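Two complexes, one shared chain (chain A), two partners (chain B, chain C).
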Partner chain A sequence: MNRKEFLSDCGKMGLAGVTLSLFPWLESCSPKAKLAVQGEKVRIGIIGTGSRGLFHIKHLVQMPQAEVVALCDNYRPHLDNAAQYYPEAKLYDDYRRLLENRDVQGVIIATPLYLHAPMTLAAMEAGKEVFCEKSMAYTLDEALEVYNRRKALGRVLFIGQQRLFDPKYVKAMQMIHEGVIGEVVGVRNYWYRNNNWRREVPSPELERHINWRLYSEYSRGLMTELACHQLQNGSWAMGQLPEKVMGAGSLIHWNKEDKRDVYDTVSAIFTYPNGVNMTFESIISNKHFGMGEQILGTKGTIDLVTAMHYTDEPAPKGSGMHQFIEQIERGVMSNSVFAGTSWAAESSALAPGKPIMQDVKVVSGESSVGAEADGSKELLEAFLHAVITGKQPEKVLEESYYATQFALLADKAMHENAILTLDEKYKVPYEPLK
Partner chain B sequence: MQYHHSCKNPLYPTSLCSFVAMHTMVEVLMVGCTQAEGERLAHEVQQRVWDMERRFNRFDITSPLSVVNTKAAAEAVSVDDELYMALEVCEVFRRGTKGYFSVAPTSVVGLAPYLLNASQHTVQLCSGDVQIDMGGFAKGFAAEQIKTLLIEAGIGRGVVNFGNSSIAAIGCHPYGEWWGVGVENPLCKGIQACEVRLCNSAMSLSGRTPNGEYHIINPHTGVKVAQDELILVEGRSALVAEVLSTALYAAPKLERGAILSQFAGYEATEIYCTADGVKSRKIE
Partner chain C sequence: MKDSVITAEMKRRELKLWLVCFVIANVVNWCSIIKFATPWYEIFTQVGYVVSLSLVIYALIALARIAWWLLHYTFRK
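Then we have the complex of A and B:
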């Protein structure tokens, strides 16, 4: 058995008890697959050592299979922060010089959005395997170019869509595919915060370098920074891609304070071929509802963020009255525990739900750096694994590709005030993650 | 409506119907009737509750209550017997609970919200902002009426459950001397905080909603009461139990004993639940 066969055989083992065989891109997370690459090391270079870059470094230092040999950032304080973790690493302020370093096998790119495609392309051309943060690219054309070039070069390419590696999402999607909530009839995503999304700037000329998120020259705002994480929920749950997209965006609150030009309020609707709608909504001047992702089915609802399952059946078996009936049928008597302040009517979110698995870590979505236990660590491990084996996992890049394309398309729909469909030229082969 | 009949125990066949009304789930368990009889009664019960819901629905502009809410501030409005009687009873309860039960808790703080004229059968609202909401009365009233309907139809054992918070028992469990109802600790799903034994009696619980919201208003201040304990009231009538549990929850602790003493034969308990346990205190 060669290594590839061996690795593909490892799919039956558990990532926190989840059936990996159903989700081939998680194979590398199984203990057996990890064992197979034990002792191997990957030499990594990191481009962009800002907050997300450091977040990855804090995971990488715990991973014996990762050896960070090169660091690059064109803002010295950030580079110095990272260098403290890896004093031996070579330091660069120009990523092209880092890519010339033959020692580097794989690169992690955590720079502003507009740099993702040029840096990913250059890295792949230089023979490196790549992990690039989301979104995949700043334009639809660039995303396609990156996708096609990867294929032509046969490189490994991961995008930072960590939900695909988060055990609670994996388990929830498995339940949805098994029909636990019936037919999927709606997908709701929202992300609310109440902060100006700014970072402190030590001197004014650094404003655009540090607060790149706020300017459309470098970022597409809430759609590429937040929405792209959630937009894969619809395709993952239903196994199809949206047919048309509409949306509205505006700058309603934070423009009073600065000169940003990306929306601080967006709403978008994605309609699938079967007529089902997925929504995304984000406001950053009210945080009451926080972050939410819900798959709505004819028989129930799964809340992906809290990993809860709610049923739509009004009187579930086992209610107080059913307990009395069972007692009478068996000729016994005991208490039936059901009295409370009120039965929660209609809104199933109020009805008591059940956790879909034990020990769930719920992430609030408030941090713009990342959160522990949200799949980011597993994603990084899977990337290292893929660099060792040289094998790009199936289907997962396509999911990231389309999350980016639909985030960008929705942003376009908002600016053009139009209902848009994804042009045929951007369609790449898609196979559902089922 | 969902209807389920079981004769697995031929000595005591059971019939259960459940339907949604008055923003809650209504369940009626009847012991000892045939499938057909149970089903007929179930439909009758549902019809009766829906009629009542319609009459007392202030959001339905055609309901008698809406007519009162829109017109009776300007002039006395004559109303049918049932609504008149209900308003009369509510006023008795308001006075009997030192004003802590009110069908218009946010409007005229601490005062009578309306005047009744017995000879004319009319009602007049005391001010333009009075809006009568029978929500705190209707469930107990309906539970009481269903109980009477079933007893008149010959049912000797059964349970009427209005949304788990207002429960009336007919007779007792066929294999015991009461119906054992466990009050769930709102912080621990399925775990019993205390037990209530119902036999020809009723109980009502007031507190935060299952969602954790405070919703009961103190009529003397017009604001929501923010207390975490549950108030449990047990006694003969589901209506009185319902009214009392609301009033006691709204009333300050020190006044609760005096209010309860106006209602002979009713017992009330304050229940404090935490994730680790339960403390309770009888109101005296």
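Then we have the complex of A and C:
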């Protein structure tokens, strides 16, 4: 495929104007690349058919290149739900049995966090290509083991970090790399909700199985469930990794209602080698600000969630006549001022920003399952494509790896009340996405 | 009530007066271009503003004339 063809394909994906060489992992999403594997089918097994597993199934049924041949879940109602979409698929309640099925080429793992690494390792050892939901692992060591093992075995491994495939993020990052907002001087991420993050439990003994997110035995809470998506933004925008991490977490509200032990309020600061800070904050007992991801530059700001660009540069002033009339108006209307309003915050936030692209699908961040048009479908397609071609796309795994490591490190910093750096032994080769 | 007659002479006078206002408005535009260092093509692009300003000036002069006429009329009585 030549450059011109790719650009036209990008246009069809809603990525008009995006430069291929900057985003090589997206090539598989282009209609052209799809054509190259047309008629091919990937036999898929799904491990974990809860809400996210089902979300993937709803995409898979629309993809002719996917054939789901096996389903596994150790909670029968979830398995039966999934089986409705694929009545022919073999059903399992033990993932090891599914991995023995030679018919399965690739597996999608959508189970609780503590199972990600053991399941991914077992699947790769069994010769399967793997798509595992984020975060990559429950511990720093496990993530490293998964990373190294994949390399040794030469398998395809995707982690469910869909922002890399979301057209609005891709476009925004290209603009940032082209210097549209000047030098990046800050990255702000936040994710607020006002709900208890609980799922309904049919009987009390299922509490920990269904609400695994709330217990540190299975999950690292807000850092691995939410932050790991947003922590990519800093590295992607600046092409470097944080140097140190600090944070504070507490249980301030929802623990009054249940026995959860993961924080319901967290704040973390990630400092990059150039001194720039990236913040992440999450509170799940107030939703006023919703979800936000902003890259702050010396010349302006890009809001990744709303795909808006706000400039810090003074607005064009208009014609001489216009300015003259405005000056007269100001003279007539203004009150006499004795001193400047030094207390007033200087802000460009009220200036009308400009959308960075047409037809933007804004995701509120309220759903704990996932949202349509957030890159998840494209990510899944890229995985299927990689299974067919046997080629792991460049750079994406490293981004996911570090997003997980820094989410875990921040959680550790909160628990140890310390400023932490990522130990050398966890560093894997990193090539910036810019 | 008496019929009012607007003579051709009166119309010419008013037109001349408005032309003077138009010239003044243009001078204001030139001065604004110099003062705010904006491009000279605004002489043409801002013609809408210039015409509006000329009408404002003309209206202000008309108000002054009416005031003058009212005073004159009052004191003559």
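FYI, the second predicted complex is superposed on the first by the 386 of 434 C-alpha atoms of A that agree within 3 Å, B and C clash if a C-alpha of one lies under 4 Å from a C-alpha of the other, contacts with A are read in each partner's own complex, and residues count from 1 in each chain.
Everything that follows uses one rule, which is that a contact is a pair of C-beta atoms (placed from the backbone, for glycine too) under 8 Å apart; a residue touches a chain by one contact, two chains touch by 3 or more.
What you see is a predicted model, and the numbers here were worked out from it, not measured in a lab.
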Dominant contact partner of chain A by residue count, chain C or chain B: B
Partner chain(s) touched by A:152 [first = chain B, second = chain C, both, neither]: neither
Which of chain B and chain C A:319 touches, first, second, both or neither: both
Which superposed partner A:332 touches (first chain B, second chain C, both, neither): first
First, second, both or neither for A:369, with chain B first and chain C second: neither
Chain B and chain C footprints on chain A, overlapping residues: 319-322, 324-325
Parts of chain A lying in touch with chain C, wherever the complex brings them together: 317, 319-325
Chain B partner contacts - residues on chain A that touch it in the complex: 314-315, 319-322, 324-325, 327-346, 350, 352
Interfacial residue positions of chain C with respect to chain A in the complex: 28-29, 31-38, 42, 45-46, 49-50, 53
Contacting residues of chain B [partner chain A, same complex]: 2, 4, 6, 8-9, 12, 14, 16, 18, 20, 23-25, 27, 29, 31, 159, 161, 163-165, 167, 173-176, 179-184, 186, 189-192, 195-196, 203, 205-211, 230
